[in-house]
Structures are given as structure tokens and as C-alpha cells.
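Report on the following structure.
Per-chain numbering from 1; labels A, B, C and D assigned in written order.
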Amino acid sequence: MRSDNLLRVSCGGVELDSPIVVASGVWPFEKDFWQRDSFPGLGGICTKAVTLNRREGNPGTRIWETPAGLLNSIGLQNRGVEHFLERDLPVISEGGIPFIVNVAMENHDETSEVLRRLEDMRNMIPAVELNISCPNVSDGGMAWGRFAETSAQAVSMARKKWKGPLWVKLTPQAEDIAQVARAVEEEGADALVVGNTWLGMAIDIDTARPVFERAFAGLSGPGIFPLALRMVWEVCSAVTIPVIGCGGVTSYRDCLAMLMAGATAVEVGTVMFLDLQSGKSFSSGLEEYLLARGLDGMKDIIGKARQ
Amino acid sequence: MCISEGIRDFDGIAEKLQKITSRVFTIDFHCPEIAHGSSPGQFVMIRFKDRLDPLLGRPFAVASAKGDSFSVWFQVVGKMTALLSEVSPGEKFTVRGPLGNGFGEPSGDKLFLVAGTLGVAPLLKVYEEFSGRLDCEVHLGVPDKTWKPFTEQVRQLIPGLRIFSDDGSLGVHGTCLHGLPGEIGQREEIWACGPVGMLKALAERYPQNRSGIRVSLEARMACGIGGCQGCVIETVEGKRRVCVDGPVFSSEEVAWDEIR
Amino acid sequence: MRSDNLLRVSCGGVELDSPIVVASGVWPFEKDFWQRDSFPGLGGICTKAVTLNRREGNPGTRIWETPAGLLNSIGLQNRGVEHFLERDLPVISEGGIPFIVNVAMENHDETSEVLRRLEDMRNMIPAVELNISCPNVSDGGMAWGRFAETSAQAVSMARKKWKGPLWVKLTPQAEDIAQVARAVEEEGADALVVGNTWLGMAIDIDTARPVFERAFAGLSGPGIFPLALRMVWEVCSAVTIPVIGCGGVTSYRDCLAMLMAGATAVEVGTVMFLDLQSGKSFSSGLEEYLLARGLDGMKDIIGKARQ
Amino acid sequence: MCISEGIRDFDGIAEKLQKITSRVFTIDFHCPEIAHGSSPGQFVMIRFKDRLDPLLGRPFAVASAKGDSFSVWFQVVGKMTALLSEVSPGEKFTVRGPLGNGFGEPSGDKLFLVAGTLGVAPLLKVYEEFSGRLDCEVHLGVPDKTWKPFTEQVRQLIPGLRIFSDDGSLGVHGTCLHGLPGEIGQREEIWACGPVGMLKALAERYPQNRSGIRVSLEARMACGIGGCQGCVIETVEGKRRVCVDGPVFSSEEVAWDEIR
């Protein structure tokens, strides 16, 4: 750990060497990807969503490119919490980089069981990110995050089971994002991730059918950045816990904008498809920005545009 | 099992664009890491550096490598391939790779390499690598004689090439499966790449020999590194990722019935 | 009028030679732009928003490019309904192309006065588009369109004053778009435009300030197309009156997707900044698509992906 | 008053890219409609054909025209100009134009043409058009001697060019306003283009002669045709659009106090 690190932030119970965190669902569990030195500049990595049982995910087309964007309908494919704890956790906890276990909200009983099992391994797990925002499943997912009341129920349950740092990932499809954010804060979340993908769709004109079996899918990538930034601004106006900006970040400039809007860290998903070294180039960019202006650290940037 | 080791995003500079037919092209990219580091059947994901549209890289087989450069062969089917067909030398790309498992080592001493049109791309590299050590018989199928310049270009690299066309206007009348033997021998293998219908037909043709058939599959990809789960296909063990568990699968692994 | 026109549609009380309509706020009032033959392929043109009094619009930066998108914060700059009726209406009604007068919802009294004046000229005005969705003003605008109740109030007022064809332009910032759509249909709207721009923001990292004086601005352009298409699909599931798809359309393929999702016509805004001949190239594309498949007209396309 | 007549989106093919300094370039575009159809002070909006990012065209003055081609001079300041500095001959663009009112006809028999760096672009065309018929005295200001190749390039087109630099390292020490006379005569005019600070200083320098000063202004633009209201500036008559009401305004029209 470099203690002289200009980019160090403390975010919702996790110490990050850099505010740049890999978002859930884009990073494989293969060992090499979790070594602190393999991908310098990253502050942390979120795992792919974990559910109680193995999930096969959605049939049919799962990804579709749009102008400066990407629609996905993966549907939480994963091998279940058992497999995660036995096979993946040992691998990813060895690399030394802080990681955050993304837990997809299914229903009360299943998800509380997942969290109970993670709680048993609390000393190995830096943080949990409760995903109440997946748009690609019929059971639970984003339905939890659309309203303040259901969001509060989910977080209240999670808070009881999981005692470590708890991040909650909100959905842009919330009816009133500020209200949801406040409700989640009240239930004891340590940080808010704002947010998941934006509900979109595509139609294949050759077949005259929706591209995705579930018709709708989640839009990510640079095209949505202005929308995500606005939502981060709104949530930062509503709560006092740290906010992690997520959605369309593709440059260190985007990171700066998110931070200046009030975010304490950023999550980057789609950009890792474009450049695996984004962590490095973004942190260099941030560092140079700070140095060029004689700023002391992230505190001089976070929320700057609000003053 | 460290699949990812060595996978990075490298700079690639377009050196030469060659037009073979109105829809088929080759590009040579200067990119030492890929040129020296990839094995037959592996692929790369290519995107325009610093352009956000098209956003994602697209997968292409490494068709050959010479010095610090490698080449890809491609057909224009959509947005990215249309743009690639107009690149200027010197244009900058990001090349992610080397990706995928590749074909691996042959288990016998004769290889039937069976290609449907552009499916020949990864097999060119197979031929480059193995034709010196063992018997490689290459079968290439195309729709019709508009593909003539393409087959000629392939023949320059593979002198003994056998050509088949769907309408009989070029080479032998029939698909590329047409000239294959009725049975695959003990020390023989078929390595194939092409449209999924062709690979399926191949599996159906040799129901008893599927372990002797290796097929390179395609799927839409976002990451190429096993992270996004976007590229899964159905196998007898459930969904598997084409980008890291493949693109080469044993024909007996694939759940052909569930593949459209 | 070409009666053999394959692309002809009847949409919310207006007969359009092609389903491609220029969206509000991108087209000047200069005469040449309203001649039927100047820009072939267009079915109609929406005017820039009209308000009761002259409005100066917003100070500061008004446009900002984003990846495959455009943020704008114009703020309804226009010269007021008086000027519109005296100076612009004679010009635009002479060109022969159907036009739709975009009326920005300010408050009950002002907007009903605007509509009253338009009603006096009803024989000259093919349709009114009530804009309850402008994100760039503090008084009224999008605030009307966020909820079913306020949307209904606005449309109920408008329906009383303006007796001609009434299109209502919804906002993606609606809490529940289907509910808003149904409420607006019930109050007697003839068609729904889905929708206006998406609320976004930009931060200038050099000054560490929001780019726009009002901080938030409206996002348009190809980046939002997947979101707009999804919303059109949702609204078409909720109502039976015609829907006009709007948001990010940049090719005839996008037009087809909107139509297949259930839209009767499409509005195109930002793409007119890229290519003034979009009307022509999109209608050629549509025509070729129909001819290649032996289809008889728009009825064979509209809603096709829903079957 | 049919401002729009003739405005269309034309195809433009990049013919030649010339690098003048590390940040300043010229490009010649083949585009007969603009080459033959634009007058001094008018501009075009240029975008890469078929690319959605960058999305919008960017405004550039028509700096000169020869045969079926016209040229633009530009400085790299952001996304589009960076991409333009790397174009290859043959690349396809959409060129919207001819846009704006232009400088119009001179009212006297002497013109002072005053430029801050790239502000010289529209004035090159003014010089091309009018230097044969009346006295054109051209003043060009630059920051320092790193701009030497740029001033030399301009001098090739304008032999009598007067050069000023902020730090005195090139030409005369001072801004481009430095060498102007204390008063503008009856039959004299100043036509200027450059940073807004410079144009404001010009207005302040000649408070009594503002009607004899024409300035070409800049603003962010989306449409260029007067539709979007994105490019407004403050004038004594309220907000006006730079793209159709300008870009050339009489200095007395501009509400200088309200311009940042």
C-alpha cells in the first residue's frame, strides 16, 4: 500500500488506493485478474453478481451494440454462493486488491441466506454490494429498487444479515431516485452506487422481433454518461453517505466530473471492454490533474462543482 | 490454468488493406505481441483506438503472422467490417489478445481442415503451423463463382486446396463436407470453422466420431476475456463461454440440438 | 399529394405523406425550410415551442456534445404567440407541408391563452403538440409531465381550448410513463409523442462547474435511441391512440424499429443537425424495405414486432 | 430575405492535410458547391460522414477557394480538431454550407483586417476577394515565436502582413491592435476576427467608430441554420444567432458588456 497515494479514498467502509473500481459483471474470476499488480490503478473490483443457487442466465442474444452504448441481457448467470465461497473467494482474496461482492437481490429468503453465508466469511470479504437494480431478471432484481419502500425492505434485511460494509446499487428506473436513496441511507447502507444500467431495447429489423428474449435490456457505456452524472448529482444532494458514480465513465475526465458532482469513487464497467488498462490511464489522468493544480488529494476534488 | 496470462490491449497499426472480392478483405496489423504470441485458432478483438462508435472490439481469427505483423481476413457484414474495409495505412487500433483456447495439438497424423467461406481464416494459421509436420487436407466451401478471387487467394497459401461451391459454378458441386471420407480414421481428425449450420451438419454426418472433430464457434462478444458472459453457447455441461472456453470445442461437447 | 404513396400514414388527425416528422426545436422559421419540395421525404414539421410572451431563453452555454449525444438547455427561446401568428404562421402555412405547432406548457392561464389564440386560426393549423416535457425551464415545462395527475390537468385544459388535432409530448422523466400516457389518452389527446429529451448534465472539469447555468439539460441524439425505443414500446402497450416515437432516430433502421415497436410515425430532431436530407434518405430506406418484402404500406410495419 | 437558400449538406472529400505548427493545420476539401458558392466571412460546418461520434459538425471559416476545392485553417483545441489533424486524403465528410452572412461589401476604400491567430482564416478570403480593388492592411497577432511557421504561411498569401506578438519574440511587441491608427477615417473600416477579448478591446478602443468595425464572432453551434437557438449572443436588440444573423456583426450591435 502506498500511503503517499494522492488518489486514496475511504469509501463506505473500504479503503481504496484509487477511486476507480471495476463495476460488477465485466470481470472474470480467473486468478490473474485479481492480482494487485496485474491491472495497476484500480482501487477495487466488484465481483459478478452472486445468487443463492446457480443461475443459467437468459437464453438468446445477450449483447447488442448501440451508438456509443451496449445493451446487455445476461440475467445474472453465476454458479451460486456455494461455488463462489469454495472456488472463487480463495482465488480473488489472494490477489490483494479490495473486492466487493455483488449480491443480486432475488427474494427475501434466498438473498438473506446468501448474506448469512457471506457473513460467515466476513473477515475475508471487504464489502458487499447489494444489487437491487438488475433489469434482466423476472424475479426480484430491479423491481426492488424502483420504490423507496421496497428498497428499504431489501436493505433492512441485508443490514441484519451482513454486518460488514454494505454498498447498495440503485437503479435509474427508480420512480424517485432521491427518495430511494434516502430510504436506503436510513436503513443503514454505508454507500450508494448510482447506478446500474438504463432500461432500453433493440429491435432486429430483419426479423421484425425484439433482439432480446426479454425484450428489454440494460444500457451501459459512454452514451449514458450525462444521465448517470445527473443522477449522481441528485443523489449527492439527498444523502450524506458516500456515493459511487457508475454509468458510462470512459475517461479520466468523466471520473473527475463524477467526483466533482459529489461522488467519492467511480465504478467502471463497459470501458473495461475497450481498454483493460483504463485503471492506469484514468488514475494517471487524475494524478496529473491534482498535481498540475497543486491539490492535496481527493478531498479537494470531491463535490467541487457543488460549491 | 491461467487463461488470461498475457492477454492485454495492445496497439495495432494497420499496415496494408487488401481487397479480395467486393466483400472480402485482409488487413495486416503491426502488433508484435500478437504476431509472436498467438497460436492457431486463437483470435483477437479489434477496435478503432479512441473511437466510441463503434464501441466494442470485434473478434477476428489470427489468420497468419509474419515478423511483427499478423493478418486478419474478413467479410463485410455490418458496421465495423464496413469501416475496416476502408481503413488507411497508419490508422490506429486496439488489439486485445491473444484470446481463446485455440485448436491445440493434433492427436493423430492427418488433419482434414474444413472451412465455410471466411471460416478458413483460423485454418490458414493451422495450416501454416502444422502442414510441415503432418498431412493437412483442406476443404473450402463457397456459395458460387463470385468467390473465385477469394479461393484463388487461399490457394496461393494452400496449394492442394479443394474447392466446393453450392451451385457448382466453382470447383466441385456441393458443400465443403462433400469430399470428406465416410468415416474418420483412428489417427485422423477434422478441424472445422464456418457457419453453424455447416458445423452441425458435420456433427450429424459423423455421430460416432464427434470426439475426433474440433469446431471453432462464433458468438457475439463484449469482453473476450470471460467476464461478461455475453458469448455463451449451449454445451452438454450447460452454458459455456466461446471466448475463453472456446472458440474451439470438441464437437461432442456442443449441444447441437439447442443451437439455432 | 401522391396518393399512391406507400409511406402515407394518418396520425392523430394529421395526414402525413411519410411517417418522418421534424421534431420541435431544430428547424428555423425561414421560408425556404417550409416548402414541401425543399426537403423531400418529410411528412411534417413541428415548430419551435411557442409561448404566450416572448422568452429570451437561458443564459450561458446552451449546447454541449456528449458521446453520440447532445445536451441542450435552450429554455424555450421564442418571440411569443403574437409574433408567431403574425409573422411565422403565414410563412410556414404557405409551403404546403403539414406542420404541428409546439406549445410549451407554462401555467394554466398563459397556455390556455396561447391555445385560445391558435383556436382562432384553426383552419390554418393542422395540429398542436402540447409540450408538457421541456426540461429546461423553471416554470412549468417537464414538471407537468412527471405525474399522471398534472399531465391530465394540462391536457384537460388544452382539450377545452384547442379543438383541432392535439398531440401531447411526454417526458422520459415521468415517474410512471404508462400511467401518464393513459391519463393523457383519457383526457382526449389524439396522439402521444414519446418523448422529449432525457435529463442529463455535464461538468466542465477546467472550471469545476456545471456546464449549464441550470446544471441539468436535455439529452438527445443516437445515444438515447435504445431508451426511447423501450419507452415507445411501453406506451404502445398502454394506450390505443397513435404514438409518435421520438429520441435518437438516426437511420431508416431506427425508424423501422420505432414503427415495429408500435409507433405510427417518428419525430427526428438531432439528426437534422447531421443531415438535412434525412427525410429523403429515411423514406427511401423505408420504401425499399417495404418493396423488397412486398408489403403494401405502413400498416404492415406498424406494431409488427409486437405480434 | 431567404438566408437558407442554397444551404445543404454536401459531400466533401479531404484532399490534403498540411501541418503548419504542432497545433495548426490546413485541410483542402473537394466540394465544388462550397468552393464556388461562398463569400468572404461565410463558414461551413464539417463532420465525418457516417460517424456518430463526434456527433455534430464544427464551424470553420472558408479560408480560400480554388477550383472545386476550398480550404480551412484550424487549431487543435478539442475532440474534432484533434481528429481532423490526423485525416487521411480521401476521407469523407459532410459539409454544411455556405453558412452565415459573411462580411458583405466594404463601404469605403481602405480595410484594416485585424486577426488574432486563427482569426485570420476568414480574413484570408476577404483579402483574396478585395485586395485587388482596395487597400487592405492586414494585422496578425500571435502569442509568441512558436507561431513563426504560421505567420510565414500567412505571409505567403499576404505579402504586406504586419505581425505582432504578445511577448515580442516575433514581429512587433504588442497585440494586433497595436499598429492601428488612433482614429478610423470616413472611408476606412476595420474587419476583425479573433478571441472575444481582442474584439472587445477593439470596440473599446474606438468607442465613436463602432459602426465602422465589423467583427466575426464565435459560438458553440448545433445546426448552423438558425433552428436550434444554441449559438446566441447578446446584442443591443437582445439575443441573436451567430450562425444566421452573424457570424459578422457590426461592433455597435454587440452588447459587449454582457459578453463574457
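By our rule, a residue touches a chain if its C-beta (ideal position, glycine included) is under 8 Å from a C-beta of that chain, and two chains touch if they have at least 3 such contacts.
The structure displayed is predicted, hence computed values, not measured ones.
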Farthest-lying chain, centroid of Cα atoms versus that of chain C: B
Pair sharing more residue contacts (C-beta pairs) when A-D is set against C-D: C-D
Between chain B and chain D, centroid-to-centroid distance (C-alpha), Å: 52
Averaged-CA centre spacing for the pair chain C and chain B, given as whole angstrom: 47
Chain centre separation in whole Å, for chain D relative to chain C (CA means): 35
Chain B, residues touching no fewer than two other chains: 52-53
Multi-chain contact residues (two or more partners), chain A: 67-69, 222, 250
Touch-based graph of the chains, sorted into line, ring, star, complete or other: complete
In the complex, chain C residues that touch chain B: 67-68
Contact footprint of chain C on chain A as seen in their complex: 66-69, 71, 175-176, 198-203, 205, 208-210, 215-217, 219, 222-227, 229-230, 233, 248, 250, 253, 256-257, 260-261, 289, 304-305
Chain B - residues contacting chain A, complex: 1-5, 7-9, 47, 52-57, 79, 94, 96, 220-232, 238-239, 244
Touch list for chain D against partner chain B, complex: 51-53, 88, 90-91
Partner chain D, residues of chain C touching it in the complex: 25-28, 30-33, 48, 56-57, 61-65, 67-70, 72, 74, 77, 221-222, 250, 270, 272-277
